[in-house]
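One chain, subunit A, links the two complexes that follow: it is found with subunit B in the first and with subunit C in the second.
Our next item is the complex of A and B:
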């Protein structure tokens, strides 16, 4: 279904949903940093900046409780967190590079173990994508086969138009329902042209060729070369829309506490540190190799997809300028 | 925003290339740690070279923000610490090296220091192709007293032009000090709420060289590792306190924070306290003992009541 919505009606839509008790998550400023966070009103929303963290946290939060325990004398009470309590959510203003990562994550979170924390939020969330009008030279969505107007992952997709307002197109029942339930706010599509979209200028990677090289080069001098400068933080993984590793920790006292699920990163030395003291990935080159292998080989082997949407966040935040687009480009030329 | 003159950086680049090529080919050093251009326009990244032919890759520009001293610490095992190593240092980086020498982490005779006369570097390299101006310069550079490193083995013969700038940290610390404790707490709680525990601040810090950080321990857990308010606040307090009297002010923690938390404000506040209490500040001087690791009878004892 194709429709048009003007800015005023869009704001009304978001404000109405919030009034109805729907959690609306959209890009907003938090202490000077753009993030996808619940908004209290449409006036908080910003659409001109790529949030510093991806939209994955709408389904896979930085930290969440998964269980609580209490001990009184010999009696131990363990209480599960009930995913049914998760709120109905509208995830709004999602860039194509972020929206495209969500179906990629569906594959792993509904694979051998069904992660109800992720999946229940996913069921209850409608995703409204927004075509991208600003790219910088860290962006490379086009290099991994996506584009600034890619609708992958979006239930409803908005394209900003010259003269204001948005062209809307639905791609799922959830998208159709959003329009149908608020039909007075949407009008028939008009002939306005789209605003000029972003132009990430990186050439398209030959991902098959990259994978074929990775298949044969677990050991290669390339890894030492790119990772000698890696300082072993988790910034790249944490801002990534597709990285999904997590750690489980128990925190509390003898009497009461919580089991929590926190983001984890393969760049940390502790990530593969065994209880025995042995660490099979005993240096940053081995850890960085895993990052590239997981994104462009292992995930493809298992799920037939690439674990990178070219958002460029890791390139922008790396403390030491490690540039995944440059590395994959180098591999594709080998 | 007024442009800052960085025209000397081209000549400095030439001088670094020549010197690095010379010391490598003469066998004076086994490797040189410096900066090289990267793929994105105007960007620079750390590089370790051991072949004299690679010396031509070395550059110095306003995007050469990293404090390379971190690569010489024992926390960075990827850089072989055999033989003498050359390193390109700005004044702020040299203060960190001096601190590491004072803490017996490095020996001066194992280093060949290539000092850089520095007019300043960019505050953020999110968009590296940015002109250096009074608006884009790193906050640390507005308070710099170390534009010309001394005591190095080689310093290019250039003099940076360094205009007086509004001291960004001093202004911000004064603003925070004027708040009530409740307001200040609210300010930091809002900032720390963004923390995702990526530990970039720790990993780039030359003084965070512990082989196992206390904050990574889980048996027993010393600090809540979870990225939520209590754990985040605990981590940033531990970090600031552990660096008090040691921090050289390179502000790498703040530069690399992907969540823009103004971490160096905590370090500068500590530095201010250290200056007032013990007349200590980070410098090029190598001190056997830091201000918090010794006692003198001149120390303020008014807190004993």
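Our next item is the complex of A and C:
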């Protein structure tokens, strides 16, 4: 279904939903940092900056309680989390690179054992994507087969138009329902042209070729070359829309506390460190190799998908200037 | 495929510590009984599978289930105190409560071993992942041919399950070869002296109609595989278990992989043939 919505009606839509008790998560400024966070009103929303972290945290929070415990003498009581943790949510203004990562993550959280923390939020959330009008040097969505107007992962997709307002197109029942339930705010599509969309300066990688090289080059001098300077800070994983590795830790006292699922990063030395002291990935190049392999080979082997959407965040935050796009490009030319 | 819809897959079962056994100065075995009667009656696993054991307030640790699936009503884990969780588990006393998630991972294809001779080769703290299978086989003794156990540790004190080694030594249907590293033997020592691969070579079990099950530190595995090869074992006749660091145990948290193989899902039990196809990342 295709529709048009002007800016004023869009603001009304978000404000109405918030009034109805629906949690609206959108890019907003938090102490100078743009993040996808719940907003109290449409006026808090910003659409001209890529949030510092990706939209995955709407489904997979940085830290999340997975149970609580209480001890009394030799007895322990464990309490499951409250299902009210997962309210109906509208995730709004999601960049195509962020929205595209969500269905990619479905694979790992739903194969075999079901991670309901992720999946229940998926069921309860409608994703509204927003076409991207500005790219920087780090953007490379086009290189991994996506684009600034890619609708993958979006239930409803908005494209900003010349003269204001947005062209809206729905791609799922949830998207249709969002329009149907608020039909007075949407009008028929008009002929306005889209604002000029972002043009990331990258050529498309031959991902099959990249994977074919990775299949054969677990041992290769390239790994030392690209990652010996990695400091193992893990920032790349924390800003990534597709990294899904996590830790499980207890926080609390002798008497009571909670068990939490926290984001983790394959760049940390402790990530694979055995109790014996042995570490199968005992150097930064081995850990960085795992990062590339996981994204461009292992996830493909397992789920037939690439674990990178070219958002460029890891390139922007890396303190030592490791450029994943440059590395994958180098591999694709081997 | 498992079906766990609408269930918190990270929620542990509560278990009571029923027995505490000190194996060595720093290795302890806990016998655990499920508190929920329904779980106690219905919990099943296969030899080789592992679980996530938790000390509430400290966190979870991954160990194999060290008891045999033939012994119903309880499970056992054996661990060395080396970190926050294991130190906390060590503090538990009989009657205390801890958590268990599992069973996870694959298992030994025990049915394929029926009618064959078995050679178990273990070093140090790596006996527990084989002990589950050893007792499983001993409890179904008629189904197997000769059973040989080659087990070694640095010193006499470091041998785990000492009371069971004695039992295996005394029953007539197990050939036990126990050894300690040179210098690790006291005046009363009645076993061999030498490293596990060497002692295995000297014991020279026949490869004919035999399966070898090997578990130990990486260095022991490295030197044991060529010995088995020399004795005529093919890679299809040799199994081991990998013990990578894990958190979820469910194929999600992303750290136990060896190449594209997830030890928690595709393992922990692998044949030497599978092992040799993997990159050196374990």
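One rule holds in what follows: the second predicted complex is superposed on the first by the 330 of 334 C-alpha atoms of A that agree within 3 Å, B and C clash if a C-alpha of one lies under 4 Å from a C-alpha of the other, contacts with A are read in each partner's own complex, and residues count from 1 in each chain.
Keep this in mind: a contact is a pair of C-beta atoms (placed from the backbone, for glycine too) under 8 Å apart; a residue touches a chain by one contact, two chains touch by 3 or more.
This is a predicted model, so every value here is computed, not measured.
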Touched partner set for A:249, first subunit B, second subunit C, both or neither: both
First, second, both or neither for A:31, with subunit B first and subunit C second: first
Contacts of A:183 with subunit B and subunit C, given as first, second, both or neither: neither
First (subunit B), second (subunit C), both or neither touched by A:294: second
Which of subunit B and subunit C A:322 touches, first, second, both or neither: first
Partner chain(s) touched by A:231 [first = subunit B, second = subunit C, both, neither]: first
Partner chain in contact with A:284 - subunit B first, subunit C second, else both or neither: first
On subunit A, the residue positions that both subunit B and subunit C contact, one per complex: 249
Subunit C partner contacts - residues on subunit A that touch it in the complex: 66-67, 69, 71, 74-76, 78, 80-81, 108-109, 111-117, 120, 218-219, 244-250, 252-254, 257, 259, 261, 264, 266, 271-276, 278, 280-281, 286, 290, 293-294, 297-298, 301-302
Contact footprint of subunit A on subunit C as seen in their complex: 1-2, 4-12, 14, 16, 54, 56-61, 80, 82-83, 86, 95-99, 217-218, 243-245, 247-248, 250-260, 265, 279-282
Subunit B-facing residues of subunit A, complex: 30-33, 35, 52-53, 62-63, 136-138, 224, 227-235, 237-239, 249, 251, 260, 262-263, 265, 268, 270, 283-285, 315-317, 319-323, 325-326, 329
Of all residues in subunit B, those that touch subunit A in their complex: 38-41, 43-48, 66, 70-71, 76-79, 125-127, 129, 190-191, 193-194, 196-200, 202-204, 216, 218, 221, 224-228, 252, 255-256, 258-260
